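Before any comments, here is the structure.
Chain lettering (A, B, C, D and E) follows the sequence in which the chains are written, and residue indices restart at 1 in each chain.
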């Protein structure tokens, strides 16, 4: 059920922002990894606590304050340390409360993190920017949707990925290698994470696309027995993906338009626009797939009808040929007594009765076949 | 019929705001409960009359006036008494008229209360804010919609729930426990009631979702006989829910946008936005369910066709095999007299006639089976 | 044809506003009733002429002018005489021309009156406001649409109802009884007429709703033979109603927004908003009915397929059981001569041949039945 | 093909505005008729050349210049000569070039005239206003669309009608009779032509409407063999009409809104609004027809299924009755030798064997009929 | 698969603008052709390198600088040399990087060039305008989409056509012949290229249109066996085309509206508007085709049902006639011994038994035929 319903919810009437984990949630073994980088170096600490993060952040803020304001105002920004806290797995209520206390995250946002399966959305709280996106995993049979939550608060970026399977590893590698990701601010890191979630769907859709094409080929040649089931499953997957993709496109649109208040710099905008283009392209593909699958359903319906016609045509031909023949041989199986009167089946006693009947039946069969040929049944 | 039609109406031509209860309405045994609370205490009185409410309100206004203006202007608001009048069941015309007289509710709004089944809407009268929402009850077979009317007039909140089954109990409990609900103003109470009506639909939709999934599993394996009926019922329920959900989303949107004139404070806004998100999520789920049920209908249609094909295939195989065989044995049942001429069925007198015919028929059957196998009918 | 096409038109190329009645129009026996009322009294004259109206109006204007301006400027409005000219039936070209001359109605508006079946619309001419609405009559089988035209010109309201069956009687009665209708201005009278036309559709839709529910019950139990025909008729009726309802909602929306120039006072606005709500509710019901009827069509299609499956299943079971049996008895009806050789049907001469064959056939039948049971055909 | 594709085009890569007639165009025998009128008189010249028009226009401009400016500035406009050049048939490339040279028409506009089948549109060039509309001709079987191009340039109106069959004759007649058409300016003439093109579609749609109603009656009683073909043809015609009607409505909307720059006077506006209303009404009818035809397709599908059920029911009844009977008589046609043993078909030798079998078979038949009656098959 | 999926993508997580060619791309043998023209002469160089282009451009800029500013400021523009670099085939990563270095193209734009199959779009970078369009090729069976990328940077126009088959040859020829293309600026050259891509689809759609009409004719007479397959293919092609056409229309709309910043002159605008009209017309055709093909699918479904009805009707007629007859002859084939009792088949010994049975059977057949005729089965 989880797939179709797809979202947890708090018991109605609970006080909002109460940070209670939903009952059916597996025990969260969330792992926190804190990365600190600036243009010169990258440090990483695994299995940290929210309290550690607060300490690191306070320390960095202190260090920044020590740098004399006059000195290198331009380069200062470049050297500002940026923090990335990545939480793999869904936090439990306790961790959520500690995140709230240590890092000042808004309780309504944390409530959305606890109750996974939210629609993708952007929310700008006084304290920070909050972005929900969906991380999709497709095994060829099952489609799994995990909520990915992103926070942007000053120079701290927090990412929480419910279904973490190394999705953000490429960003981690690019961080180590240096480059633009290290030069630009936390907004660019946010973009890099969003970009990954978006682009992650391309290989998935490519796989779906090739499945659709395979089914199409099969279906036109000889509809497989499970075609109905496969088409239904595809439709549902596309439905679920589209349900995520529409608001995801809107997320990028909002980030693009509300750039300033959201703390997204001018340099990051063209990259976000690029991601936006990708979400549009994904929507486009999803719509196309949907329409193709609908067409395949129509085609399957027609193919099933055609197959039925085929079978019934054969049945009809056989019946129409053999019923009269069987009737004729039945006639000459009657036991009327030829001796009782000259009208009683004199054919039986005629020397050429049998061959004559055979010839008549042959003629009848040939006539029938000609009739079917003309009707296009053969 | 009530379900599909779903709304009462006054006899056309009646003067508007005439407060006449519709003819088919059951005798309303409406129970009025008045709750008075501020940050320090909660009082509750059951089975009150509108006149009692007026008295209480007047008394509170007097008390407030006695507090010197200069003293604690900030804390004054916090200590202001808030009144919540809850009416369980639909009022009759008499009660409506007394509500109008004692509490100054607008006759057009009261007319909407009397004639249940209105679309969810927000209306801002000079006197007060009027909100109509729908309280949904789903037993697994029947879907029942009750109108819930809410009034916000100064520090008085009135809620009228036609199908009261303790829907607002959680709010009452939270009031007793204190917390945000006691601190913030009457607008927050209004929000808490609205939030409950909205969130109440999540468990309901979860139940529907699992019914759909069950049906899907059944349908793909072996379409149950009542699949058509169940799908039709689901479609109708989703239709009725969607018809309520669209305007309900609009209600929250209007409350969010028209906050000031409607008397909704800044502190309540983020919570209302949260409720709005929930209405969007509900719409989203309803649309998804609708599309899934449509897909199930298509799949059922195809499954029915496939089943028909199956049956007809078996019929055709049997007919096509036995018709020629029956013809052959019919031939040798004919009574032509072998004695009348050497051409008249000499096979009958041949020593190996019977086994030869049996072998021919066996060969024919094997040929047929090979033909069917090739055609994929077996 | 008139129903589907639904609108008369002038021969293309005719000069606009030429006031020529369409050829197929029945001879109009339009009856004019003039009502004059103020807060103190009501007068009514039947079978008046447009020229009479002009005289009355001139007289009233004179009387109003005689009242000294200084005296009671507030009460003056209240005492201003209001005129309501009701025309029952469609006017002929001659009457239209006299209405134009005597009362100054715009020729393009009168052309729309002559050529019935216009879409509901509001048009503001320099001279007056012109509103077209549709008065619907439903007998359970036929749906009839009549154009109702309304004019608001100063203190004169003109209503022309093509299919007059006492639609406006309730307004007449309320006028006699006094009340708000007598106190407020001509715009409120206009509202009262519009409100009646709108609300008139509620009982009609309730009736349709119960027809749909009846059909649904029938259809799920045993599709009646005329289900297809009834569904088609319902769809058409809903189509025609919707075609009227969309623009009718727009009419009320325009009246609400363009209030000032259209001469609609502030006091009438909340009432018009109420009517607007009703048009929205009607649209909503129509859409719901439409979707329910579409679902019923799908369900009927499926029920028809199921029925076919049922019939064919019985046919198949019988055929599959009796074809092999008939073949077997055919075999032992063959006339091979057992005397011609020991291989020629020795069974015939065996003492237990007949019971053995009977037992074989019984076994075959039992096997078949088991096979069908397993396949779920029985 | 021309109908579906419906538009000519220039070979891609041709220089725009090159005025080359499309290859498949029939040799245009375009006839030019110039009409000159003012409030006092009408003159008409057939078979003129573009050069003649230029001469006439120059002469009129000269005459107008001679009138002293001071004299009758108001009446001057009224007496200004208006020219109407009507071209019947599509011009060839040569004529187009001469129109460009003599009358200063824009080459891109003339290109659109040469390549018929454009979508209805309004274009405002510096030199003149250019309007494309569609003139529709319906024979009951074929739907033909002709492009009608209109130019408004100062006091000259040019109309080019590709499928001229006297469409504009009524305007010509009204011009001769005088009236508003002679009083108002060239914009009113433009309106009169547009109005004719729009209103021309009403009788056409009335005819389609009655065809649809006829088909509906037939279909519900006994679906005619060509119902599928007729429905398909109707759908295509409605599709093609709608494809023209949408932009045509937009044309009138643009003319209404962009009145000033387009040279359309205030007096003509109410008439254009009237035409706009007609285009809306036409759209409305087209949509209604489309939906009705779709409903008829559904009904035909259901009727076809019902018919199939009928046939198969009869087939099933006959088979189910006669198969067991045929089996029974087959049993007693077996040749087991009663003499070989007392178990071998003793019935054959029983004195009441034959009548007993007949009675059994009768009972079986009666039982079957009762079974069918209960199942509702008879 | 490539067709449905239709776009390459970079491995998710790759740094944006990294200019890595997708893995499955064929080795690009891109050929660069540089054309330099002004109003007086045209020069062309094939197989140039990006570095050559830079040299040419620098040289031209120098020459332009040498011309004294005062001299002929008007004619200067006319004589300004314009460069057109055409790249046939998709560039590889190396060429892309050299284009970036030599000509200053934006890396994100070049990334879109490398990863073909982008949606048509316009992007305005600081450095240049970037337009993506789609070049379509249709062989009657396969539909191939190639990305065409266009850059406008000062007086340089770059066109990159992935599927180059001489698409732009007509522009090249018109350049040689002189005319408007040589007079107007680089924006007009850009327009000419865009116009060609747009208009290129007209002959393609004409071809599709005639295929649809052919299929329609076939289908109504006798549905060909591959009708289902052909309709499915058409639907897919139309789907893919529409997916390109929507954004392509938007491209032209954006170019029209954002003219100034994009460097498109006033003189080019009317021509772009013309191209825009063509994209609208193409969309319109695509939608019409789509709806026609959908109608054909419906018609095919109905035709298949009708055909099935036909076959089953024949089957039913034959069965219903011959089953009773076969039963009757079976009766008289029973072996009851007439000698055992006077009730045992005395007909067999009656002198007129045989002719009587024959007459009864004839009568039965005639009765059946009359029944079928009445039912409309024959």
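Convention: a residue touches a chain if its C-beta (ideal position, glycine included) is under 8 Å from a C-beta of that chain, and two chains touch if they have at least 3 such contacts.
It should be emphasised that the depicted structure is a prediction, and the values quoted were computed from it without experimental measurement.
The fewest steps needed to get from subunit A to subunit C, moving only between touching chains, is 2. Chains that touch both subunit B and subunit C are absent from this assembly.
Centroids of subunit C and subunit D (each the mean of its C-alpha atoms) stand 27 Å apart. Centre-to-centre separation between subunit B and subunit D, using Cα means, comes to 43 Å. In subunit E, the residues that reach two or more other chains under the touch definition are 301, 305, 308, 312, 315, 319, 323, 326, 330, 333-335, 345. From subunit A, proceeding by way of subunit E and on round the ring, the chains are encountered as A, E, D, C, B. Subunit A meets subunit B in the complex at residues 1, 4-7, 9-10, 12-16, 108, 118-119, 121, 123, 125, 222, 228-229, 231-232, 235-236, 239-240, 243, 297, 300-301, 304-305, 307-308, 311-312, 314-315, 318-319, 322-323, 325-326, 329-330, 332-335, 345, 347-355, 357.
Note for the complex: subunit B touches subunit A at residues 169-171, 173-174, 179-181, 195-196, 199-200, 202-203, 205-206, 209-210, 212-213, 216, 220, 270-271, 273-274, 277, 280-281, 284-285, 287-289, 291-292, 295-296, 298-299, 301-303, 305-306, 308-309, 312-313, 315-316, 319-320, 323-324, 326-327, 330-331, 333-337, 340-341, 343-345, 376-377.
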